[in-house]
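In what follows, subunit A forms one complex with subunit B and a second complex with subunit C.
Presenting the complex of A and B:
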């Protein structure tokens, strides 16, 4: 594995989510799923978005390509800036042009993401020909064969004519990757791309994504809850909790020098391979808040062992943590807050 | 395996074949032998399709074995009549993978937990209710949860209900079939802690099936690695993770992502090519030969048998058979 080489002082922003708010109107009330999210994505980087189910990591990026059905989803505010354009205001037609050609997505479940009645060659070239009106069928097929080769599918000429059920799970995920990348998008959103796969196949797909990033310089958003995958892949990490970003930083900053109690909890709940078996694993007590009625203060306060009075009353602002790339939304970072020692630091001991 | 009298489960040359159309045979479990000591946990790992769930189900007699012997607490359970079968099912229980699909949506939590006791004619109705409440608190839920329905619970809480249901019948042996793979990381840790605690309190014997290798190491005393219906390596969990010997185990372990960027950057991976082949009409010889980088002539002809290469460490590979 190579060391991370991105120089963030020179990196160019490609996508900027500003104060995004998304709600779902259900029959029992409004679920405030995204409550003011700011995320910046740089050219050519791999950004991991981590958090528990329901924290809003998928919804945030489904909003970027507007995959959410509305209703029930409703964009309550904020901006999603891509090449100077606010995607939330883009028309249906404009979104169709962006989706697949500029920004594309790999879904979690390769078993359901493909159309079972279409040959995979046609499935991959469908978007390509939609975005390049002049392209002939033969040209498109040539591109598809090249793409299948790139994602490591043997005998692409033959497999092109096959249907999804003739592929295994790992192979289908490769087909999905080929489909997402065939129009050379600037941004690839991979939503739990390996959760449904075995570790051995997961390792193959991870290597593939790494490789593709290197060859095509695509910015990849990796949505996952597997911190192992994050450690392997990411340049930068966004930690989300209850519809908000709680901490952002480069991979080393989050893994070795984190400054948010929720991140500490996540890191500590992973079993370590070098640890003796059957000792009690650290857990985060309690459950995430009900987003029908999000709390007034910090959403993590009821589960946080460091919670102070202010945490219950007021939402924490985003504090810088030593470097330009690292910030945490926690009152502990306030200059007036009591000084605590990080309980989780890989360099020092716990 | 070690010879002692406290083996709770002892499996000898167990086979479970499924007969398909066109005279094809799917050998899901094909000659497996191992034992589990009372009060201990055997972890069972392998890729999907390797037969680990079939093995677990055969052990508690959900599937009828094709051949082989399963001794449970000194009794051969492959030869039971229907009366003994019921007794057997009260001793062996299962915790399922999907907490969303494995609970009856029309029953309250207490009914779900008490149902098994009623089936086995345990206790009076009043006692059953009290016991169900006791199990509810044992798995970390409270009394009010008892009158609720499954859809009112989160995934982690449902898995707790599934655990309470399995334990309410007072089993001695529990097959945990991927009990945590549908859950979030922080919830996984809670459930694993719960299982370890309950095992100590109730002296349970576990078969823990999973594909998350780091959690398996955490909970297991011994770990068996399965490939295409056969066990290729079995030893204590410390030994397996520090000295994996079978080429398949080595590549499987090297594929686990380590949640530590510096360690994972410095690590060398043995990338497995291709995928697990189909278990239908498998060719003779070693089952792993097509993906193995050490494949020799001998591997084509002869299937390797488990061999003890160090005390308590068994490997089925011709590399150790010279």
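Presenting the complex of A and C:
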């Protein structure tokens, strides 16, 4: 595991999501997709957001730049604070000024995230010129070439005149990264930037993001459902389940000192590369709850082997887990709960 | 791009050649004989056949036909004594071309425009209006539209002339009647295409760059939505061309359509083949134009042409 570059005692908050609630009004009813999410992002860090499909990772962070179509999406409550401003109350124009220049996003599938009818150079520079009125075409092009070089695209002066279909998947994701980073945003949201790519390319893109963070000091939110990917990338991890955050901590705290049964389940379902013997990949039994009618208590209770009576009756509060950076929303942390042994405790691994 | 265009042009020329050959043999497969008329003495029939070269072996006739064709000579009409097919076409072409072009421009501009507005105002009044126009336009055949328009606006209200093709006012009703179907098809298609495109990731990516809604719509949404519509414009040209037959009849416009119908009734071989070739050439040219246009809007096609 790499050395962490962030000193959290000095780190400055750059984005704070507070009690965010988002619903989708569909014709069969209201889907309560995000049910009170709190996430803090620090300057220059890589924050991994993990959880099973449908737990609300994308919706949470598309809310940050208000990319959700509403209707059907509706912001039901909470705040998204960026530089002291609540983005949920920002005007359309203010949001347009923030998107791309302050907060950027890389889409999941590079095959569909680029406009097939436009040269990639223009796709990269159009955002740049939107945010830098008065920048000449030549200046913009110069910057685009630098950006393409930075993301590792050979022959940038020729390549910028090409169309997306002339690039491979991995190269397209590099183009997307250049597109997102060209106006030097403070925050980059990468929503599963590698799931659509094959394994070797995945690693390259991850290296690239890691490298870019160092060069540009951009805070990166890395959304993924694969814990393995984040182990050697992220500084901190947020684990989400059914529209809520269930555990937050620095990477070591999540990997070696986790306190949440759902996180344990995720870790068991993670393939281990160093294991020679063939082991059956464990998956978490059962299904996430129906978000039309979220349960009254802990949403994980029906699938949790430690579930107690209180778990079905009341939402678990967020308990600190020994350090300022680590907390878990689970009744097991309550002083009155029976003591359980953490399965992934360092030195005492399963 | 140059290579792509060259490919298309060669293909178009070959298509035209095949068409000319097919039409020659197919017409002669039609039952009957242009000069077979019990009232005309056998001897005169023979003389006429010999005069027009119809007594020669088929292959020789074909040779003469093709040679003439390459010189741009479509021959003499069998029924309108002393008139060349070239002359007949030259005199009537302008009317059909004028009506066709007006209708094409009208239906493309209004149809696509309506589709865009409908998609941008989805679920609002404009959208509903566009859908109603689209349904009416697709469901009601042009001859009904033509007749109704003629009845209300010319006969009842006397706003426009009833028939003929002599001034701008004369062109309004035929153009509208001929365009409505195509306009409706294009509007519906453009609307669907716009709505398909809006849910694409690259639209989200464009918004994530901070572009304004207007920029996203113009630079990304409309441009991509046009791709499937452009292909249909080629077919629309064919539809409009065939539509002219009917509309020219309703409004008594002296265009090509009139001669076509008469030519078939009379088994006037040169007239039919001449008109078919002219129509065919027109369609092929239109398709060529669409192909080239498509190459311009869709870079994938252009580059594929360069490589292959």
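Following the convention adopted for this analysis, the second predicted complex is superposed on the first by the 338 of 350 C-alpha atoms of A that agree within 3 Å, B and C clash if a C-alpha of one lies under 4 Å from a C-alpha of the other, contacts with A are read in each partner's own complex, and residues count from 1 in each chain.
In this section, a contact is a pair of C-beta atoms (placed from the backbone, for glycine too) under 8 Å apart; a residue touches a chain by one contact, two chains touch by 3 or more.
What you are looking at is a predicted structure, and each value in this text was computed from that prediction instead of being measured.
After superposition onto subunit A, the partners subunit B and subunit C occupy separate space and fit alongside each other.
In the superposition on chain A, contact of A:266 is made with subunit B only, not with subunit C.
In the superposed pair of complexes, A:340 makes contact with neither subunit B nor subunit C. Of the two partner chains placed by superposition, only subunit C is touched by A:127; subunit B is not. Rounded to the nearest 10, the angle at the Cα centre of subunit A between subunit B and subunit C in the chain-A superposition is 70°. Once chain A of one complex is fitted onto chain A of the other, the partner contacts of A:115 are limited to subunit C, with no touch recorded for subunit B. When the shared chain is aligned, subunit B comes close enough to touch A:226, but subunit C does not.
Of the two partners subunit B and subunit C, more residues of subunit A are touched by B.
In the superposition on chain A, A:105 contacts subunit C only, with no contact to subunit B.
In the superposition on chain A, A:168 makes contact with subunit B only, not with subunit C. When the two complexes are overlaid on their common chain A, residue A:176 makes contact with subunit C while staying clear of subunit B. For the three-chain overlay built from the shared chain A, the minimum Cα spacing from subunit B to subunit C equals 7 Å.
Contact residues of subunit A toward subunit C in the complex are 65, 67, 96-101, 104-105, 107-109, 112-119, 126-127, 130-131, 163, 165-166, 176, 179-180, 183. For subunit C in complex with subunit A, the touching residues are 200-202, 204-212, 215, 219-220, 223-224, 227, 297-300, 303.
Within the complex, the subunit B residues that touch subunit A are 47-48, 154-155, 184-190, 192-193, 196, 211, 213-215, 217-221, 237-238, 241, 251-252, 255-265, 267, 269, 271-272, 275-276. Those residues of subunit A whose C-beta lies close enough to touch subunit B in the complex are 1-3, 52-53, 168-171, 198-204, 206-207, 225-232, 251-252, 255, 265-267, 269-273, 275-278, 280-284, 287, 346.
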